[in-house]
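Heads up, the next two complexes both have subunit A, just with different partners, subunit B and then subunit C.
After this line comes the complex of A and B, so read on.
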């Protein structure tokens, strides 16, 4: 049985058998504002703080500042972990901003192939055990067909598994879908869907573990909150 | 503790409570007390060695002696006078008494057998201290329990010494002495001899003795756990314990030691706070049971909960409360009226309040924190999250109690199926935690078929009933059902007396009357007053088990509704005025005053309003619901207006109550 990489998000590990199995590729999806990035931040930040795992957070859309600011709002100081060499917050979005979209496409700046090259060196250099890719939606834009995207994603996922890193890929979807391109969930070892819904005049945030290989997981929909220290999932509460 | 140390601690507690945001009427700033101290130094220069820090803490460098005692007493008196000058003597006295009473037990060692020191203090302190002393002296006959524990400790230590060196245990005891004063009077001699100085321990309160004994025993079990593992250690400890205390359950229970020892392993039931009701269930509510309490809302239910909680908390239980009809403040006030300190309990994680009330008046997103309380938004999933958070935060204790007041409100808002499932889940959770949970439901608040369906969820049902009978309400509590355990369903008639539910049978045994004349004085909580004779047989109908089950109506009176001790409208009430009721007693046939002269609250409130320039309410009936108008006023503003008078007040000798009126007139 593989070791687990706990997310250490309050209540979440209880639903997924203690954490993601080591070396797996995991997908978290949800509509905009559903706390996908926050979950990613928790995953790498807690990995360093609780388990001593070096982590990489690769952002393709949000700026570095926006990520660190969001993290610090919940008491997570990413900058100091970076200084200690425990966390690498890499802003590929900035590079993309400096290019035109045609240059980006031409150079394949955000293609899986480029990411793979970059990560191969970086994982070896840093000894990272956890990776967050925020988000693969941005990568998908590079591929003209779904078929191509799926094939490249499959290769990329295989690379991640072979490198031994336990990764969390973020994908933006609409409320009624499970993934942006309809293929990510087949490639990933697990799928966690974040969402929000209306209930008695309020909006509530929900989380559902829709798929988790190698794990007896809780597939029910659970509410979660964003409290002063970040995400808190309530494994005892079930919706629907 | 020297007299000066005792006084210093008392002043520190006093300042702490008066500057706390939850003392009831209003709060003062620490700077007020510093100003009063500054002024007092003019007459009592010794007070320069007494300093109040910014956070209300004190630095007390006074030398022990009568001069220093006098100086501190004068300072305390001037502080009390100042508060009286703001809100009036009666209210000031009530406020100080309510807030300081829970703190007194920990200072008792300094006041016991020290009448001189007690008398040196300004009122209401001597009254509070003497009352607390009396209560503690009633139960300081600790000889029996100390003898038994001393023997047991020696046997246990011999057993432990055969397995290990005891130096670690001795070190632990020396550390524990810092926390438990009484352990300073326990010798750990050679040959595993433990000698308890019973004369010194006799001055300890029941709580102090309990905590000290539990601390030693639990340390022994701790050492044993280290040596032989937890399972074996618990087995040995139980064996030794059973040998000495096999038939002493009542004695242990009196000291709350059933819960305090062996992680509560010997405790199987939780008391309701009413021994007669406990006995109807074979000793209390079984651990892990969820009980539905069906009752009219009002004082009966409040007093039942308050009694059960104070009994449980004193014996070491942790408590989770879910409120849907009142804000957390009301519960804190209710606990204070039972001499409990909710601030301390919350700080120690022995009390968590889930506020499912505030969403009606403010926007709450998900679950929010308000100090130690957890506020939940309307939807049940968030309430569930808040309850789970509260449960997780409760400190480990041998027994946990949950009071859940949400069924009625939830059934009105959400569909029944959702509420039913929610309650089922809660019950399962509480059972898993071996908690005793009490779910509250107002009588006749739900259609009968829904109430019956809900009852099926629970392990038991308790019912409180209240019916008008002549000039009074006849009140009864009974067990409607209880799964797995034998119970006696016959009702217990009760009255409300001294903030508690008292079975009428006990009142009769005490020789108090139950005649109408004694029940008329409602005061704050329908307290029975002077009892010259036993009830006449012609007024009582006895139940099959000797309980009073009904009462013939007495003449010339109408039922008077009791007032709850706290507002249900989210605001602190001005303490309800004792109503002056003139009645004709059947036997005497003459009018008599059934309560002390009424306090003129309205005038007092208006006077305070004038002084702080807050508009008094238009309708005088609002007075009982208002919070003196000072609540929203910044303490600094109250002070700024009042402080201009303080110099005058302090230049003169401390005013007596008669002088107050003169001083006030002059201020005006």
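After this line comes the complex of A and C, so read on.
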């Protein structure tokens, strides 16, 4: 039985058998504003604080300031963990911003190949056990066809598994609720869908574990709240 | 150049580089892989523009600082400080050696 990497998000680990199986690639999807990044922040922050796992949060679009501010709003001080060398918050988006589009494409700055090469070196020296990639949607711009994207994503996911790191990949969804490239969920070992819905004038955030290999999980849709200390899932409450 | 005159938009892959630039690239490569090429060549292009590819000690030190600035985003400040020390050592050795020969 593989060791579990708990998210330590209140109520979530109960739904997924205690956490993500070690060395797996996990996907969280949802529309903008559905708390995908917040879940990623919880995953690396709690990983350091509760389990002592060094973590990498690699952002390709959101700025470093935006991530640290979001974390800080819920009492998670990422800067301190960075100073202690337990967390690496890597803002590749900053580098992308400083390039022209053609230069970025020419260098494949945030392509799967470059990320793999970078992470191989980084994991070796940092000893990181957890990775958040925010987001793989941004990587899609490097691939002309969905087929090519799928093939490179497959290779990237395989690399992550072989490296032993337990990863959480963030992906946006289309207005139909499908993942942006329609292939991410096939490659990942698990899929958690975040969403929000309005029922009887009430606005609710929802979470559903749609897939989880190696785990007897709860596939039902559960509400969650964003409280003072971040996400809180209600495992005993089911929607629809 | 590819049209708009910016050294950043030159074909950085095809440039001829100063030996010290190659040394920086190799040192950084062990930490961040192929991104080292991007960082070093981009900063080098920004520093020298379209001038002949020569670096004196002052310019090499300026290049070091720019590289460290970019690298700290990727490897964290502590490791970037260690890298800075190594690049400084490489720079000193390079110019000492160059002085011996000419």
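In the analysis below, the second predicted complex is superposed on the first by the 238 of 240 C-alpha atoms of A that agree within 3 Å, B and C clash if a C-alpha of one lies under 4 Å from a C-alpha of the other, contacts with A are read in each partner's own complex, and residues count from 1 in each chain.
The rule we apply is simple: a contact is a pair of C-beta atoms (placed from the backbone, for glycine too) under 8 Å apart; a residue touches a chain by one contact, two chains touch by 3 or more.
All values derive from a computational prediction rather than experimental measurement.
J.: Overlaying the two complexes on subunit A, which is it for subunit B and subunit C: clash or fit?
T.: fit
J.: Which holds for A:50: it touches subunit B only (first), subunit C only (second), both, or neither?
T.: neither
J.: Which holds for A:121: it touches subunit B only (first), subunit C only (second), both, or neither?
T.: After superposition on chain A, A:121 lies in contact with subunit C alone.
J.: First (subunit B), second (subunit C), both or neither: which does A:148 touch?
T.: neither
J.: Can A:82 be said to touch subunit B (first), subunit C (second), both, or neither?
T.: Touch status of A:82: second partner only.
J.: Pick one for A:204: touches subunit B only (first), subunit C only (second), both, or neither.
T.: First partner only.
J.: If you count the residues of subunit A that each partner touches, which comes out higher, subunit B or subunit C?
T.: Of subunit B and subunit C, the partner in contact with more residues of subunit A is C.
J.: Between subunit B (first) and subunit C (second), which does A:73 come into contact with in this model arrangement: first, second, both, or neither?
T.: So A:73 meets neither subunit B nor subunit C here.
J.: Put down the vertex angle at subunit A formed with subunit B and subunit C, C-alpha centres only, nearest 10°.
T.: So the angle at the centre of subunit A is 130 degrees.
J.: Once both structures are aligned on chain A, how many angstrom separate the closest C-alpha atoms of subunit B and subunit C?
T.: Once the two complexes are overlaid, subunit B and subunit C approach no closer than 37 Å between C-alpha atoms.
J.: So in the complex, which bits of subunit A are touching subunit B?
T.: Listed in rising order, the residues of subunit A that touch subunit B are 199-202, 204-205, 223, 225-228, 232, 234, 236-239.
J.: Mind listing the subunit B positions that touch subunit A in their complex?
T.: Residue positions touching the partner: 366-367, 369, 377-379, 381-382, 384-385, 388-389, 413-414, 425, 429.
J.: Name, in rising order, each residue of subunit A that touches subunit C in their complex.
T.: So the residues of subunit A in touch with subunit C come to 64, 82-83, 85, 88, 90-92, 94-95, 99-100, 102-103, 106-107, 109, 113-114, 117-118, 120-122, 125.
J.: What residues of subunit C sit close enough to touch subunit A in their complex?
T.: For subunit C paired with subunit A, touching residues are 2, 8-9, 13, 30-35, 38, 70, 73-79.
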